[in-house]
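Report on the following structure.
In order of appearance the chains are A, B, C and D, and numbering begins at 1 in each one.
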Amino acid sequence: MLTSILIILFLAVIIGLVLGFSSVQFKVEGDPIIEKIDSILPQTQCGQCSYPGCKPYATAIAKGDADINQCPPGGEKGVRALAELMGVEYKPLNESHGISKPKAIAFIDEDTCIGCTLCIQACPVDAILGAAKQMHTIIEKECTGCELCLPPCPVDCITMEPIEENAENWKWKYPVYSIAVSEKKVNN
Amino acid sequence: MKLLDKIFKFNGGIQAETKKDISTKKTIKSLPIPSEIRLPLRQHIGKMAKLRVKVGDQVLKGELIAEADGNISAAIHAPTSGKIKSIEKLLIPHPSGLPDFCVTLIPDNNDKWVKKFPIDWKNISLKETNKLLLNSGIVGLGGAAFPSHLKLGTNRNSPIKTLIINAAECEPYITCDDMLMRERGKDLIEGIELVQSLLGAEETIIGIEDNKLEAFKIISSLIEKKPNIYIKVVPTIYPSGDAKRLIFLINGIKIPKEKRSSEYGIQMFNVATIVAIFRFIQYGEPSLSRIVTITGNIKEPRNYEVLFGTPLRSLVKDAGGQKIKNNTFLMGGPMMGFTLPSIDVSVTKTMNCVISAEPEMIQVTEEPLPCIRCSKCAEACPVSLQPQELFWFSKSDQFEKAQNYNLFDCIECGCCSYVCPSNIPLVQFYRYAKSEIISQSIAAEEADIARERNDFRILRLDREKKERAERNAQRKAENTNTDKLKLIEEKRAEIAAAMDRIKNEKNI
Amino acid sequence: MLNNYLLIIISTVLVNNIVLTKILGLCPFMGVSKKLETSISMSAATAFVLTIGSMTSWAINHYLLEPNDLIYLRTLTFIVVIAAVVQFTEMLMEKNFPVLYKMLGIFLPLITTNCAVLGIPLLNAQASHTLLESAVFGFGGALGFSFVLILFSSTRERLEGAHIPQPFQGSAIAMITAALMSLAFMGFIGLDK
Amino acid sequence: MINQQSPFIKKAPSVTWIMMLVMLGLVPGTLACVFFFGIGILLNLTIAIITALIFEYFILKIRNLPIKLFITDGSAIVAASLLAISIPSIAPWWIIVIGTFFTIIVAKHLYGGLGSNLFNPAMIGYAVLLISFPAVMTKWPLPASHLLDFNLAQQIQIFVYGTKDVIDSVSSATPLDYIKTQILLNRPYEVNFTKGMPINSYFNASIIISLSFLIGGIFMWIKKIITWHLPITFLISLALISSIFWLVDSTRYLSPFIHLFSGGTLLCAFFIITDPVSGPTTPKGKIFFAFGVALLVYLIRVFGGYPEGIAFAVILMNICVPLIDSLTQPKVFGHE
């Protein structure tokens, strides 16, 4: 009886020492996984995930505070990529955070705009040009379509316009055939 | 003249029925000026040409309508004299079937030339010649539509040793290069000599498939006395006319996807492009027309010399119309071409061939089955890819893996689909996957920009906040400072007073 | 002598494969076999834990438990030792391969409860192997585990594009595949004689 | 259906046509089997094909796939035929039905049907049967010209009730089985081809059957359904491996000749490992795969517990196929 207790004690001490030593030796700082997650997120900075931007959301995912299905602009593909990176099961987009829709770009109706600069302050990527009491315009190339400029506008002069398909951005479509060859796999 | 014997062989390829004799029975015919000309502003690889005319302008034949926008772009000229009717989005010959900007010109039927400026290339520098070529509007007429001035450009690292003339014309049905060689061999040879000396190349090799006997005879007799021009007959195996495949057949050099042939001292031109360059330099005529094969399900198949912008409808009408009406036309060959969105599109610089679709071409008789991994496609792939794996990944959206299997090395030649026992439209899957990957990478780039800008904004807001805080603090500090000084001074005054008192007391 | 070790290896890798014949360690076998990359790293981690674990377990069994007639403590002490080795491996990985560490996720600490990892030291103790034999047995077990895990994950990657009937997608078809692999491994019966 | 993208022309044999040619290739071998092992082989074949089609029909119906398209592709018939030929001619009917079930339903359709199966369906069916019913699966009739003393009533009786209640004298161990037992028991064995021992009649039959399969194989090769890689590598590897052992100790190990011409070696070489779906696709991979199968076949035949290792060897190598394929990618044009 006594020997067994002694042996267990002995083991506990040895193991404790080894682990204690290695925990000092292999101390980890920083978390490169955040960068990886951030690179998957679409960087719209829209805040639909309930975090103030993509980076904060990435941090929250890495910490385990947020789920992977809270990013509507990333859509199903984004969730899949996150699921793969994190090694968890795919789950459908959480609709309480919004639904995925095709990318759109904000347009300012320049006749209505009163130049209040509220939208400029709201834009997360500084894609709106203009100064006080002057008409504002959107730098199309830089607009992420986050819609954050819509609510602050006092005169509702901003509209979201989906990007039109033209000969330049046109994509070949998924071949459609009547049977299983081309049936896309939905699960896992 | 020398005949080169050693032929290298790439993996696979296919031997399809060439069907070329359909359209070689008659000579090249010039199509009369149509009643309306619609010129798309994007007929080449690169940026859309920059418009130089406005609605209502009167233009002469050969006058600049749109100029090259930057270096990777090509100019567009009026194919005949007339009046600009409109500038609007119209259907263009593009697989998307989407409209794009076009200039509509109403010909006045005078066909009056603008003043031509032949180039005295022997007495001016290469750089100047090249600058002039920028607005020749000449692009690769084999179908790739790569602006030719870039290929003749001077800013390259390695000198060009070999000029290869692509006369393989490997796709079935197409005969425009064949007919050009038969009828305009002299222009071609003069053009070759010109381009060879422009490039400073030591030799020229003409690569021709062994099914064009007549053209071969004519060309060989023309180059009999030319010491630096060789002709090399390659076997009729599609896709021997693909640039990198042809270079390999001729020189045994395998040029990877991401490299240009010029890095290996080789430059390649299509026969029609050579003639266009020759005409521009010799006579000052910009690129205004091309030879188009019209064949297939048509009453009078033959080759036409057609002005750019001519509606396909007038071409079809002149060729007697379709034998079996189905209103479907393919642009390019049957292996790599695409169905035209409408008969109302116009002839462009890339339109080497129009095939009036045979019913069996557009009607799939057998249903596709799943891939049975028979690897017939891998045996046929001229790039030595694994089409069955690419298909497997493309159909299930596993793009990363598809890229690991070198999806982007695929030249979409269609050999895999041609031999597939399961009837799978393999090339369609690759195009889909490529499109998706490209759009994803564009999205990723945009995301990077957005991230940077967002980071910058956060930084800026932080800095502003800090600055504000600092200012406040400073202001506060300033306030407190004066108070303190006052205090100290008061204290000092008190001390001094006390000292004085003590002194006084001592003195007393 | 060498023959003996060779037989142990053949036996543990092919004939008595720890996963397919002994049906031990199914949890990571199913859990981390979705991607080839993770399965390779999982294999490495398990091999490390198994070899070290079976050696330390041997030492404890040989020097502490058997002389003191405390064989009933085997399971308990082995679990503790394995848990410690796993903890150690985890820290090592977090430091050196952080992305992998994140990808393996819960399955890394779960090596502790991997019955293969406990099973091998126990089998070692039962068969009264020597230190070297224990190490070889542990390593062979790990090799067998890695071997089938890597093969299994490569087949599962291939299945990703397959048009599997809805009810059989995911784990179901993986279990069936494992069963068929096990069936094939039955062909090795008798090879270790 | 309208084809809207290139290429607009094509010329390829259909899957059905390929499967039909495979069936044609099987004809000489099957006839030889029938000649030596009796009409039972034909009964097996018939019942296997019928049950395979029935299973196929129902599973397609359940999976909501176009029935006509997939039934006519012929893959089920080929798989069932390969299974039936491997099963002893005196096996009862339910053996075939169980085997076909595993072949069609488990090995093929659970994995997604045509083109998706990881394992060779026929070999899965065979391996399941061999492990579950070893006694039945290793009992072949003595090879003789069974067509001459053909007794339909007896055959059907065997087919319905199995051999147990009928007669015992018709069956014996296969040559590989016999030799293995003899070696295990340290007894001498005969591999002489001229004496009239039962083992010799086995070999004579084996050689003729093997040659018939070879003819079928060559036919498929001429028709370009199979490439040389798989069968040739397999046969050469098996010959090489067995030669090495045989040269080391010819009293313990059989000559390569016997290995090549016994069991289902040639059937395996031309019809089983050439299954495109479960096999590798790259030329190098094919060589690797065939070598692996040969090695495993030899190991299991000589050292393992089962008399014939083809089914196990093929399935084991099938498991390795995705890995082999990804590791043996040919060099892409222009890549160094």
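The rule is short, and it goes like this: a residue touches a chain if its C-beta (ideal position, glycine included) is under 8 Å from a C-beta of that chain, and two chains touch if they have at least 3 such contacts.
Values in this document were obtained by computation on a predicted structure and should not be read as measured data.
In summary, the chains found to touch both chain B and chain C are A, D.
By number of C-beta pairs in contact, the leading pair of chains is B-D.
Separation between the centroids of chain A and chain C, computed from CA atoms only, is 37 Å. Chain C and chain D, compared by their mean Cα positions, are separated by 34 Å. Taking each chain's centre as the mean of its C-alpha atoms, chain B lies 53 Å from chain D.
The set of chain B residues touching two or more other chains comprises 95, 367, 369-371, 395-396, 422, 425, 428, 431.
The multi-chain contact residues of chain A, meaning those touching 2 or more other chains, are 175, 177-180, 185. Shared interface positions of chain D, defined as residues touching 2 or more other chains, are 1, 5, 66, 69, 112-113, 116.
Residue ranges on chain D touching chain B, taken from their complex, read 1-15, 17-18, 66, 69-70, 73, 75, 112-116, 276-277, 279, 281-282, 325, 329-336. Against chain A, the residues of chain C that register as touching in their complex are 32, 35, 38, 60, 64-65, 68, 70, 73, 76-77, 80-81, 84, 87-88, 91-92, 94-96, 98-99, 102-105, 107, 160-164, 166, 169-170. Considering their complex, residues 42, 92, 94-96, 98-100, 367-371, 395-397, 422, 424-425, 428-429, 431-432, 434-436, 438-439, 443-444, 446-451, 453-458 of chain B touch chain A.
Against chain D, in their complex, chain B makes its touches with residues 10-11, 16-17, 95, 172, 244-245, 248, 254-257, 259, 330, 332, 334-339, 355, 357, 361-364, 366-367, 369-376, 378, 382-386, 388-389, 405-406, 409, 412, 414, 417-423, 425, 427-428, 431. Across the interface of their complex, chain D is touched by residues 150-152, 154-155, 157-159, 162-165, 168, 173, 176-177, 180-181, 183-191, 193 of chain C.
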